[in-house]
Amino acid sequence: MRVHHDQIEVRTNGKGLYEITDEMQSEIDKSRVQNGTATVFVQHTSCSVIIMENADPTARHDLEEFFDRLVPEDEHYFTHGSEGSDDMPSHIRMVLTRTSETLPIVNGKMQLGTWQGIFLFEHRRAPHRRKLFLTIMGE
Amino acid sequence: MRVHHDQIEVRTNGKGLYEITDEMQSEIDKSRVQNGTATVFVQHTSCSVIIMENADPTARHDLEEFFDRLVPEDEHYFTHGSEGSDDMPSHIRMVLTRTSETLPIVNGKMQLGTWQGIFLFEHRRAPHRRKLFLTIMGE
Amino acid sequence: MRVHHDQIEVRTNGKGLYEITDEMQSEIDKSRVQNGTATVFVQHTSCSVIIMENADPTARHDLEEFFDRLVPEDEHYFTHGSEGSDDMPSHIRMVLTRTSETLPIVNGKMQLGTWQGIFLFEHRRAPHRRKLFLTIMGE
């Protein structure tokens, strides 16, 4: 059994989904782990990680629109907003989605379903450099 | 330390919760892992996994009703719907819940609380065969 | 590779966030695991675990207010409520957040981002003793 750690950096350019499936599989290839798990952990509180349909961009568009409506920027009761009107909604959107996700690895490959991709979900408008920590465990 | 993989298939017959606690414990029994973790990973983007109250069916009914209201099928801004009006809501409901869940195993048993059960949460109306990937790691 | 288990108890005194970051790091110190993962698992269906901004209390206040509004106690269609009006909302708020979270450990330390803290999210008004199961795996 081995533990392999790595950090992935994603440069974001506004709200939306940024696919990281290939970067994750590359790290698994490097680790040479054949059977085990890959855990991706987001080291921020204003973006998150999700597994989503990766074939049709309209699905991602509708998802983003839903979150913009579910957590609007101008809620009158928001008191936390030192970094702008997208500050507090970004924390809430992160809490409603995920900070970590654990995926199975068999014969060196993540066992994603046919339509699944792994995405960083950016909730801030300004460009950011996002850090994701990857832990690959197995044999 | 060992890694044990298995796939569970669940046949769903419309929206709702389908308990998989016993199937998961059976796989753990087969693996003979005594101490470690069990990770369940959903290989689809229109159903999810949750841990929920398993005693009172009214709690599950209310939960389903809440999700039907939070993510209605007829949002005017939805553009993704090639598979019908429950297509886009099913992706959103999946994102709002979970794709993977990791549970502790001690002395060969999952350490669930008294009222906890593990459920596949189906978001599509039509019957489906759903695949859940189980990774049991430990000693 | 080793597996280290422990249970953390948190005494809550009403709805809100209770930080458990230090307790988790203490358990990791005790385990002497240097590289691996820590999985925290909530053994209840009316509270949850989240990773959240731990610097500014206004962010936590706004988050709690958001959840109170997203899942109000007086939805007319709720049928499950034997334990009071905060019973059913607590299950829904749990499902919308998380039951387990897996964090990377490098050189004996959890790899949290600068502003991240780990919190028990209590959804019930009455005081409770909450049990969180911690599994530390690694070498």
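In order of appearance the chains are A, B and C, and numbering begins at 1 in each one.
FYI, contacts are C-beta pairs under 8 Å (C-beta built on N, C-alpha and C of every residue); 3 or more make two chains touch, one makes a residue touch a chain.
All of these numbers come straight from a predicted model, not from anything done at the bench.
Residues touching across the chain B-chain C interface largely differ between the two copies, under half of the numbers being common to both.
After Cα superposition, the angle needed to carry chain A onto chain C is 120 degrees, rounded to a multiple of 5.
Rounded to a whole number, the gap between the C-alpha centres of chain B and chain C is 20 angstrom. Multi-chain contact residues of chain B (touching two or more other chains) are listed as 1, 70, 96, 98, 102, 137. For chain C in complex with chain B, the touching residues are 1, 3, 5, 39, 41-45, 70-71, 75, 77-80, 82, 88, 91-92, 95-96, 98-100, 102, 131, 133-135, 137.
The touching residues of chain C, when paired with chain A in their complex, are 1, 35-37, 50-53, 56, 58-59, 61-63, 65-66, 70, 96-98, 101-104, 106, 111-113, 115-116, 137-139.
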